[in-house]
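Chain nomenclature is as follows: A, B and C, assigned in order of appearance, with residue numbering initiated at 1 for each chain independently.
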Amino acid sequence: MNKWIKFISFLMASLFTVSAAHAGKENDTLVWVTKFEPPTYNYYDQTLREGVILSRHIWDSLYWRDLETGEFKPHLATKMEYSNPTTIDITLRKDIVFHNGEKFDADDVVFTINEIINPENKYKNRKLISWAKKAEKTGQYSVRLHLGKIFAPAMEMLSTAVVMYPDEYYKKVGKNAFARAPIGTGPYKAAEIVPGKHLVLERNESYFGGAKGKANISKVLMRFVDEPNTQIAELMSGNADLIWRLNKEQGKKLNRVSGVSAVAGETMRVGYLQFDSSGSTGDHPLKNIKVRQAISHAIDRESIAVNLQGGGQVLDLFCYPTQVGCESPDAPKYKYDPAKAKQLLAEAGYPNGFEIDFYAYRNRNFAEAMMGFMAEVGIKANMEWMKYSALRDKVRKDEVPFNFMTWGSGSVNDVFRITSYFFNHSSDDLALDPDVKKYLDAGDGTIVLEDRKKNYSEALRLIAERAHALPLFSYAYYYGMSDDLDFKTTPDEIVHLYRAKWK
Amino acid sequence: MNDISADHPKLDPDNALRSNLTKHLFRRISAHNSILIGGGVLGAIVLMALFAPLLAPHDPFSQDLSRRLLPPFWMEDNNPKHILGTDNLGRDYLSRLIYGAQISLMIGVCTAIISGIIGSALGITAGYFGGRIDAVITFIITTRLSMPIVLVALAVVALVGGSLHAVILVLGFLLWDRYAVVMRSATQQARNMDYVSAARAIGCPTWRVVLSEIFPNVVNNLIVIATFEVAHAILLEASLSFLGLGVQPPDPSWGLMIAEGKEFLLFDPWVITIPGIALSILVLAVNMLGDGIRDVSAPENRN
Amino acid sequence: MLNFTVRRIVLVMLVALTVSVIAFFLVRLSGDLATALAGEDANAQEIADIKKIYGLDRPLIVQYADWLLSALRGDFGASLYFPETVGELVAMRLPTTLLLAFSGLVVSLLIGIPFGVIAALKPDSWVDRISMSIAVAGQAIPTFWMGLMLMVLFGLILRLTPISGDESWQHFILPAFTLGYYSTPPIMRLTRSGMLEVLSADYIRTAYAKGLKPLRVLFKHALRNAVIPVVALASVQFGHMLSGAIVIESVFAMQGIGYLAWESILRNDIAVIQAILLIVCLFYVGLTFISDLLNAWLDPRIRVS
C-alpha cells in the first residue's frame, strides 16, 4: 500500500511540479509582484501608482531630487534657473541617447511639454505639466519654459514627475503604439510587454548615470497579482523577490518566515478627517469649533498608527513634514484625551453626543477604529463606504459633512499640492476660511522661499487652531522581500528598483 | 458491478413491492431527518441571533487596539476571557459571531422575502394569464438571467454605497429569477386543473382564483426555493464583502467577518475559519431543510 | 424550427439592448467618470478639464446614443484607460476566461456524473449519502475561501501547482477545480434523478430481461438517456461560470474578462463593462438556445411535442 502512495505522489510531483523558480539572484532577475497593471505604459496617459513608478525607470526628468537630501541635482539638464518668476531657462546635457539610439536635445523637451499641455491630446495625467504654459526652443540644447503664472513647486515638478519622451519616435508611432513599446532615456528599458501578464525591464547598459546612477540588477520582471495573500504565497515560495503594500500583521509574520523579511516604509500619503466647518452641506454639529476640537481629542491617532498600521507618524499639521513649507511651531496639537473631548462636547451643548454620517473609501479598519473612539465619547458615526471617485464627487457637491480620506500630493514635495489645494476655496475646501486663504495665496504667489514658509506657517496654524480638518498620520506599508535583496524604501511612495541590489 | 440486478430491487419483481415500500419509508424518514437536522441547526442559530444580547459575553462593538488578534482557546497564548479570541480591532470574536448571526440571517431572510414577492408575482402572473403577458414576463426573466449577478450587484452597490439595506435590496431585486421560473410553470400546471377551471367558469374574480386556488398549490415550491435563496443570498453577500462592497462595519455580518479575515488568511487562518465554518453550517442547515421539505412535499421527486 | 430560431434571435437582440441600457446607466451613475479618470490626487480644475476633453459634460442620453450607434457598426469604442480598443482588449482576455470556465465545467462533469450514477445505482446507500453531502457542503463554502485554501495547500505547502497566474495549463488546475466544484451539485443531482428515472423505465428492464450485459445496459442505454438533461444543464452552467469567474480570477490573478470587468467597474471604464456584459449576456442566451436545441435533438419525445 505504502509503495502505491509513494508511486502516486511521485507521479503527481513529476506531473505538476512547476519549473524552477525564475526569480532571484542566480539569474540576476528581480521579480516584483504588485497589484495593478498600468493599463497603458504611456506614462502621461494614466494615473496609476505603478505607472508613476515606471516613469522613474524608463524615462528621466531634467533635474533629479536626491532621495536622501532632497536637493535638486542636474540630470538631463545641466542648468535650470528662473530668469523671472514666470520663466525658467534650461540648458541640456549633450551626451544623452534614448534607448532606440535617438539623440536627446531641445526638440524632445519642447515636444514632450507642448504635446502633454495641449488639452486636445487628452492626456489623463496632463496635470503633471498643465501648470506650465509652453516650452520654447532657444538652441539645440537650450529651452525656455513659460509658466504663465507663478507656480512655486515648478523646480520640484521638473525634478521628479516631468519626464522626457523622444519626439521623432513618438511622432512616428503615435500615442497608442508608444504605450506598448515605450522608449525613454532611463536606467531601464522596457524589453517585453505582455498586456495582462507581465512586463520585463532590462538594464540600459549605456545609461549616462546622472543624479540617479546606473541600475545594479540587470533584469526586472513585474507581475500583477490582485490578491495580497497570493502575493505573499509567491514571495514565500521564492517566485517573487519584492512585494509591497502589506499590512502590519502580514509584515510581522513574514519576518518569522526564513528566507524573506519585511520592513515598514513610510510614505507621504496623509490620512485626514475633513469637517464641513463652513456648513456648506447644511446644519450639523461640526459647524461648532468645540465639537471639531472634541473629535480631535477623542481619536487616539497614535494607537491606530502603531497598533493597526505599524508605522507612519502622527501628524499635527495638514501636510507631510518633508514638504516645503510644512512647518508651524505655534500651531496647537491635539492630544488623545477623551475626558477633555467629553467636556468640550458638553460645552458645545452635546453632553450626550450626537449622530453623524461618516464617509470613507479606504482602510476600513482605520475608519472602524475611529468610529469606536468617537463612540466612547458619545458620538455615533454611521459609516458610508464608497469608492473613491463617487466619494470625491460627493465631497465636491457639498454632500459630505464629515469624511476620512487620504491625499498623496501626487508625490509632490511641497505644501502647494496639499494645504493650498484643500483650503483655497476650491470645491474640495469645506472650511472656506478667508483668513487661511489669504495666507495661502500669499505663499503660493511668490517664489521666495522665506516668504512662502512664513505665510504657510500662519495658514497651518489657523487650520489647526480652528480645527478645520484633523491630520491623522502618514501612511506606511510593509514591503516584503527576499533575503537576497538589498532594497531601501523611500517616502515618495515610489519603488526605485534601479537602486536595488543583491546582497 | 456485476450484481446490479440483484442489488437493484426494482429489477427483481418478487421483491419489488416490499422493497419499494421500505424504500419510501426510508426516504420519508431520511427526508424527515434532514428536516430535523437542518431545522434544528437553523433554529439554534435563530435563537442565538434573537438572544444575542443575553448570550454574548462582551459588547461586540467595544474595541481595544492593544489586544488585537488574540488567538482562540485551542491555540497557545490564548486569553480565557475571549474564548474565540479577538478581531483586528480587539473586539471579542465570539460576541461578534453571535451578533453576526443576526445580520447574516436578516440578509438571507429579507432577501428571500423580497425576491420571493417579486418572483412569485411575476411567475404567477405569467403562468396564469399566459399569452402576451407571459411573453413580456419571460423576456424580463431572460434579461435578468443573462446579466451576470455578481457584476451587476457590484455595480449597484458601488452606485448606492454599501449598507445593510442596500445589500438586501440589491440582492432582493436580483435573486427573483428562480422563483419566477418555477412559479410560472407551477402555475401553468395548477391553472389547468379541473377545479381551477371550474372556479373560473363560475365567474370567480381573478384575484380570488389566484389566492385561494392557485397559490395553495404552488406554495410548496415557494418554500423550497425560498430556503435555497436564503442560502444563496448569504453566500453572495460574503462574495460582495470579499470584493470590498458588502455590509458596512461595525455591523458584524459573517460574510464581512470572513472578508475582514482574508487579510490574515496565511498567518492567522483561524480569523477567517471561524466565521467561515459558521457560515457554512448555516448555509448547509438551510439547504438541508430545503431538501427535506422538497422530498416530503413533492412526490415526483421521491422516486 | 425556423420560427423558433427567428424568435430566439429577436429575443437575444432585445435582451442585449436592454442589458446595455441598464449597464450604461448603472455604471455611469456609480461615481463620477472624470474623477475616476483623473486619478486619486487630482484637483477640481483638472477634473473639469477632463470632463470637457472627453465630452462627459453632455447629457447621459446623448452619450448613450453615441455609444449605441458605434456599437451597431461593430465599434465598441475605446477603453478610457487601455491603448487597445475594447474589441482587442476583450479578444485578449476572453480566452483565459473561456478556458477557465470550460475546464471548470469539465471538472464538474467529471465529478458530478460518475458520482451521480453511483448514487443512483445505490440510492440511499452510504455512497449516495456521502457524495450528496460532499456536494451540498461544497456549495456552502464560499468560493474565495476554498480557492485560497487550495492555493495554500497545493501551491505553498505541497508545491505541486503554481500559485497564481495563467501562463500554463498547470495554472488552471486549482482555479478550475474551485470553480467546477461549486457547480458540481446540480449536475450530480440531475444525473442521479435522471438515472433513477431511466433505470426504472421499461426499456431498461427489458434490456436486462433480455440478458444484455449489465455494464452495457448501464452505459449504452441508461446513461445515454439520463445524460441528456445534464448536457443541457451543463451549457447553462457554462454561462454561470463565465460570470462566476470574477472571484476566482481575482484570487488566482488570472487576467480574464471577469477580472477586467471588476477593474473596470472600479474605475468606471464604461465601454469595457458594456462590452463584457454584452458578451456574457450573449453567451448566456446563446447557450440556453443551444441547450434547447440539444434537448430537442437528443430527446425524440421533446421533438415530437
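As a working rule, a residue touches a chain if its C-beta (ideal position, glycine included) is under 8 Å from a C-beta of that chain, and two chains touch if they have at least 3 such contacts.
These numbers were taken from a predicted model, which means no experiment stands behind them.
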Chain pair with the higher count of C-beta pairs in contact (A-B, A-C): A-C
Chain centroid nearest the full-protein CA centroid: C
Centre-to-centre distance between subunit C and subunit B (centres being mean Cα positions), rounded to whole Å: 21
Approximate Å spacing (C-alpha centroids) for the pair subunit A, subunit C: 38
Gap in Å, rounded to a whole number, between the CA centres of subunit B and subunit A: 44
In subunit B, residues with contacts to at least two other chains: 158-159, 262, 265-266
For subunit A, residues that touch 2 or more chains besides their own: 229, 233, 386-387, 390
Touching two or more other chains - residue numbers and ranges from subunit C: 30-31, 148, 152, 250, 266
Subunit B residues within the subunit C interface of the complex: 1-2, 4-5, 7-8, 10-11, 23, 26-27, 30, 139, 142-143, 145-152, 154-156, 158-159, 231, 235, 238-239, 242-243, 255, 258, 262, 265-266, 272, 276, 279-281, 283-284, 287-288, 291, 301, 303
Touching residues (chain side subunit C, partner subunit A) in the complex: 30-33, 35-46, 49-50, 52-54, 79, 81-84, 92-93, 96, 148, 151-152, 155-156, 159-167, 170, 173, 250-253, 255, 259, 266-268
List of subunit A residues in touch with subunit C within their complex: 12-13, 16-18, 37, 39-40, 42, 45-48, 119-120, 122, 124-127, 130, 175-177, 179-180, 195-197, 223-227, 229-230, 233-234, 236-237, 239, 386-390, 392-393, 396, 407-410, 417, 421, 426-428
Of all residues in subunit A, those that touch subunit B in their complex: 228-229, 232-233, 247, 249-250, 253-254, 300, 303-304, 307-308, 364-365, 367-369, 371-372, 375, 383-387, 390
In the complex, subunit C residues that touch subunit B: 11, 14-15, 18-19, 22-23, 26-27, 29-31, 121-124, 136-137, 139-145, 148, 152, 193, 196-197, 199-200, 205, 208, 214-215, 218, 242-244, 246-247, 250, 261-262, 265-266, 273, 276-277, 280-282, 284-285, 288
